[in-house]
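There are two complexes below, and they share chain A, which is joined by chain B in the first and by chain C in the second.
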Partner chain A sequence: MYDPTVARLTYRALLGRRRAAILFVLPVFLVAIAVAVRAFAGADDGVASGVLGGFAIATMVPLIGVIAGTGAIGPEIDDGSIVYLLAKPVKRPTIIFTKLIVAVAVTMLFSALPTFVAGLILNGNGGQIAVAYTIAALVASIAYSALFLLLGTVSRHAVVFGLVYALVWEALFGSLVPGARTLSVQQWSLSVAEKVAGEGAVTSDVGLPLATVLLIGVTVVATWYAGQKLRALKLAGEE
Partner chain B sequence: MTTIEIDHTSRWFGNVVAVNDVSMTVGPGVTGLLGPNGAGKSTLINMMAGFLAPSTGTVTLDGTQIWRNESVYKAIGIVPEREGMYDFLTGREFVVANAELHGLGDAAAHKALATVEMEYAQDRKISTYSKGMRQRVKMASALVHDPSVLLLDEPFNGMDPRQRMQLMELLRRMGAEGRTVLFSSHILEEVEQLASHIEVIVAGRHAASGDFRKIRRLMTDRPHRYLVRSSDDRALAAALIADPSTAGIEVDTTEGALLIQAVDFGRFTVLLPKVAREHGIRLLTVSPSDESLESVFSYLVAA
Partner chain C sequence: MSTETGTVAGNDTSRIHNIGYRSYDGVRLGRAYARRSLYSQTLRGSFGLGRSAKSKVLPMLLCGVMCLVSLILVAVAIATPGMTKLPIKYTDFAIYLQAVIGLFIASQAPQAVSRDLRFKSVPLYFSRPIERVDYVLAKFAAMTSALLILTGLPLVILFVGALLAKFDFADQAKGFGQGMVSVALLSVLFAGLGLVVAALTPRRGFGVAAVIAVLTITYGAVSTVQAIAWQTDSAGAITWLGLFSPITLIDGVQTAFLGATSAFPGGDGPGAAAGVVYLLVVLALVAGSYAVLMRRYRRVGL
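Our next item is the complex of A and B:
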């Protein structure tokens, strides 16, 4: 199911592109905010939760998920180099699964790790807040990667759609329309964090059982479907 | 022996028909897929390569369906026309990755790089390669697993004459080894120089098939031009023009030859020596004056 060569090509392509700069910029920005907030406001659970929930989970994780998820396959389909993977006796679902693993690892590295560091800086993991949001980031990394990898497989405008989902649907609609929050990777992952953190430190609009089912369901279905789409990927000529 | 069989295959995109009811068999040796740009060559190659499903009909490799069947790539090597090829890797890293995807190691990659004579630049990034070097590395990636079928889409595009000659030599060798080599081209002289067998595609249709002279002969409704020198040009001209297989004869006094336009190829080739013998005329030169692929092709395209 996992092909080390596909993995190597994927992560080198992912980290070698200019787009990858955002992968480094966002975590640095988060840690800088954490340092500034701690310096000016001191250690405060509410503020820590606000920064981690408002920036790390709501903005940084989905953005990094978009870059890693779509970037793991989209550019190869765009420039046609995916041909060299497809013209091999390698199962298409293996290619997708391997790319998912790489996208998840990259998203976790660049979102969950800085979230934990920022949490420690903000309030020294008081009320388990740093750990709780880190777990939310880890969980969200998997679902976002699967979702955006699928998007990268089926659409040439995957980055745009990914950004629209992450920023417009999750951030904007989520804050205006309560129902939209039920269909939000962010809320599902917060539901997991809610269980870990101290009383009232993290809140989610979705119950844990539903959130778990949706997280697993989205990940599995998106990955399976991406494998199917890749099997039928048409590399038409330029005619 | 490996054979690709295309059976009554069509492919359309929306309401544009790219390939229209084509049947052909591509066997061992070098086959040239010839046609003008936009004729459907890439679409056909993409179907043979398993990158595109036929809308109707079947495309098979030794009887096994190619579309949605990854196992065919054990036997097929593909050199795509597009340039995208992991430019951030070195040539060697690229070919090694291709070998690994076939379950092979560095040795196979090294051998393939040696075959295309790219060892000298194998540690340079692909992004620094010239068009010809890229083409050769693509070729190496297609050869790592020693495939019995090689499909190349416009392989000579953008190559300089020396690189072109090298690649032709390589493909000729592959064909002579008994591999099934198919390449597409819209350049007539390329196909003429390299292919032992030609398939002509015009406007999505299979216009002709065979060796290049046979294709020419298939065009019986087209005039064939011959340059003939003999011991008595005028007497020969007078005798030939009496037969309906000849449409016109010009006496070229500067060349000292007859330019004959024959409309019935088969009949004319029998007639000419017979008439010469009957009239006691010695034939000194008989050469088809327009048997170049260029002229064959322009007939086919115009048809």
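Our next item is the complex of A and C:
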């Protein structure tokens, strides 16, 4: 199910040149904010939770997920070089699975690790906050990568649709319509974090059992369907 | 001009055959025409006009969302008895719907410049009688106009709705004028930033992500830190933190000069003195993005 050559190519596509720049800038930015806030406000659980929940989980993880998830397959389909990969005797679900592993690894590396570092800087893991948000970021990385990888195989405008989901659905509708929060990767991952952190430090609107089922369900279904899409991929010309 | 085929006089061994090619003797439309065309094509293209049905979906959808929200606000204002003004201020509208505006510029700025770079059609533009400054200005102006349509149209709907509901005309006209100035400023600023980021990459998808990252990451960071500054009673810092993201810059300018209510935590926007700094930063950013674009297109061959 895992093909090292495909993985190597995907790593190079993701971490090569300019695309990597934005991946590096975001975590550095988060850590810089954490340092500034710590110097500014001192160690405080509420503040740490605000920065990690409001900036790291709500903004940074989805953005890195979009870049890594769609970036793992989107450009190849876009410029047509995916045909060379598809022509090789590698199963298409294997290609998807390998790319998913790589996307998950990259998203975790660039989102969960800085979240943990920022959490340590903010309040030295008081009340398990740093660990809780790191776990949320890890869990969210898997679901986001699977979801956006699927988008990459379905649409040429995957980045836009991924951003629409992350910004309009999760941020805008999520804050206005409480029901929308049930269908949000961010809330599912926060419910896992809620379990880990001390009482009241992290809040989620979704119960843990439901969140776990939805997280696993979305990841598995998205990966399976992406494999199916790749089996019958039609290469379209530039519009 | 002769079109007859024949031979030109010469000696027997070498003769040139005139096979009837004609040189162009029509009207040459010149540089201004090329610039205008580039402007109108980019403006039409940013709403998907003249492109495939698929690429009309997103810009039209975003424009529809903007108008729908303002229609709902108008409907509320007309249907509720005893209202004397609209439910929100004209200047607040763009701040509330900044995600939609951000998505529009993120999806359309790369459309305007990245594909020219990727398919190497920029040298073809410059083989026409246009200069670098024409290309940059046309794209910049087109993107600004597209954003102005997107943000101005809902304000017009609000204004017409306010007049239909027989609200005080002078009051509404003043608010509408202030709102239009604010969205004009917002359009220029966002168009500049969007085009700069998009022009740096020939990849459309990556351009989209980079533009949205510049807009939302800065806003997310600024609003998070502002909220913390508010909690820790350092209200003085809130004003200056607003300088670091595009939408809070606009918020600050319109709070200082255009009678808006700030969306900053605590609702205390910058005063007139800090407002001047905000305005200067906005103008510097616009001038800066123009300069960066001009620099970017210095090497046309790419």
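We adopt the following convention: the second predicted complex is superposed on the first by the 234 of 239 C-alpha atoms of A that agree within 3 Å, B and C clash if a C-alpha of one lies under 4 Å from a C-alpha of the other, contacts with A are read in each partner's own complex, and residues count from 1 in each chain.
We take it that a contact is a pair of C-beta atoms (placed from the backbone, for glycine too) under 8 Å apart; a residue touches a chain by one contact, two chains touch by 3 or more.
What you are looking at is a predicted structure, and each value in this text was computed from that prediction instead of being measured.
K.L.:
Based on the superposition on chain A, does the combination of chain B and chain C result in a clash or a fit?
P.N.:
When both complexes are placed onto chain A, chain B and chain C end up side by side without any clash.
K.L.:
After the superposition on A, what does A:12 contact: first (chain B), second (chain C), both or neither?
P.N.:
first
K.L.:
Looking at A:36 after the superposition, I want to know if it touches chain B, chain C, both of them or none. Which is it: first, second, both, neither?
P.N.:
second
K.L.:
Which holds for A:167: it touches chain B only (first), chain C only (second), both, or neither?
P.N.:
After superposition on chain A, A:167 lies in contact with chain C alone.
K.L.:
Going by the contact rule set out at the top, does A:88 touch chain B (first), chain C (second), both, or neither?
P.N.:
first
K.L.:
Touch check for A:231: first (chain B), second (chain C), both, or neither?
P.N.:
A:231: touches chain B, not chain C.
K.L.:
For the overlay on chain A, what angle lies at chain A between chain B and chain C, C-alpha centres, nearest 10°?
P.N.:
The three centres form an angle at chain A of 80 degrees.
K.L.:
After superposition on the shared chain, which partner residues are touched by A:195: those of chain B (first), chain C (second), both, or neither?
P.N.:
In the superposition, A:195 touches no partner, neither chain B nor chain C.
K.L.:
If we overlay the two complexes on their shared chain A, which of chain B and chain C does A:3 touch? Say first, second, both or neither.
P.N.:
Only chain B; A:3 stays clear of chain C.
K.L.:
Measuring by CA atoms in the overlay, how small does the chain B-chain C distance get, in Å?
P.N.:
Nearest C-alpha pair, chain B versus chain C: 12 Å apart.
K.L.:
Of all the chain A residues, which ones make contact with chain B and with chain C?
P.N.:
78, 238-239
K.L.:
Would you mind writing out the residues of chain A in touch with chain B in their complex?
P.N.:
3-6, 8-9, 12-13, 16, 76, 78-81, 83-92, 231-239
K.L.:
What does chain B use to touch chain A in their complex?
P.N.:
Within the complex, chain B contacts chain A at residues 13, 18, 37-38, 40-43, 45-46, 49-53, 68, 70-71, 73-74, 76-78, 80-86, 88-89, 97-98, 100-103, 141, 153.
K.L.:
What does chain A use to touch chain C in their complex?
P.N.:
18-19, 22, 26, 29, 33, 36-37, 40-41, 44, 46-47, 50-51, 54-55, 58-60, 63, 66-67, 70-71, 74-75, 78, 157-160, 163-164, 167-168, 171-172, 238-239
K.L.:
So in the complex, the part of chain C that touches chain A is made up of which residues?
P.N.:
Counting only chain C, the residues touching chain A are 51-52, 54-55, 58, 99-100, 102-103, 106-107, 119, 200-201, 203-206, 208-210, 212-213, 216-217, 220-221, 223-225, 227-229, 231-232, 234, 237.
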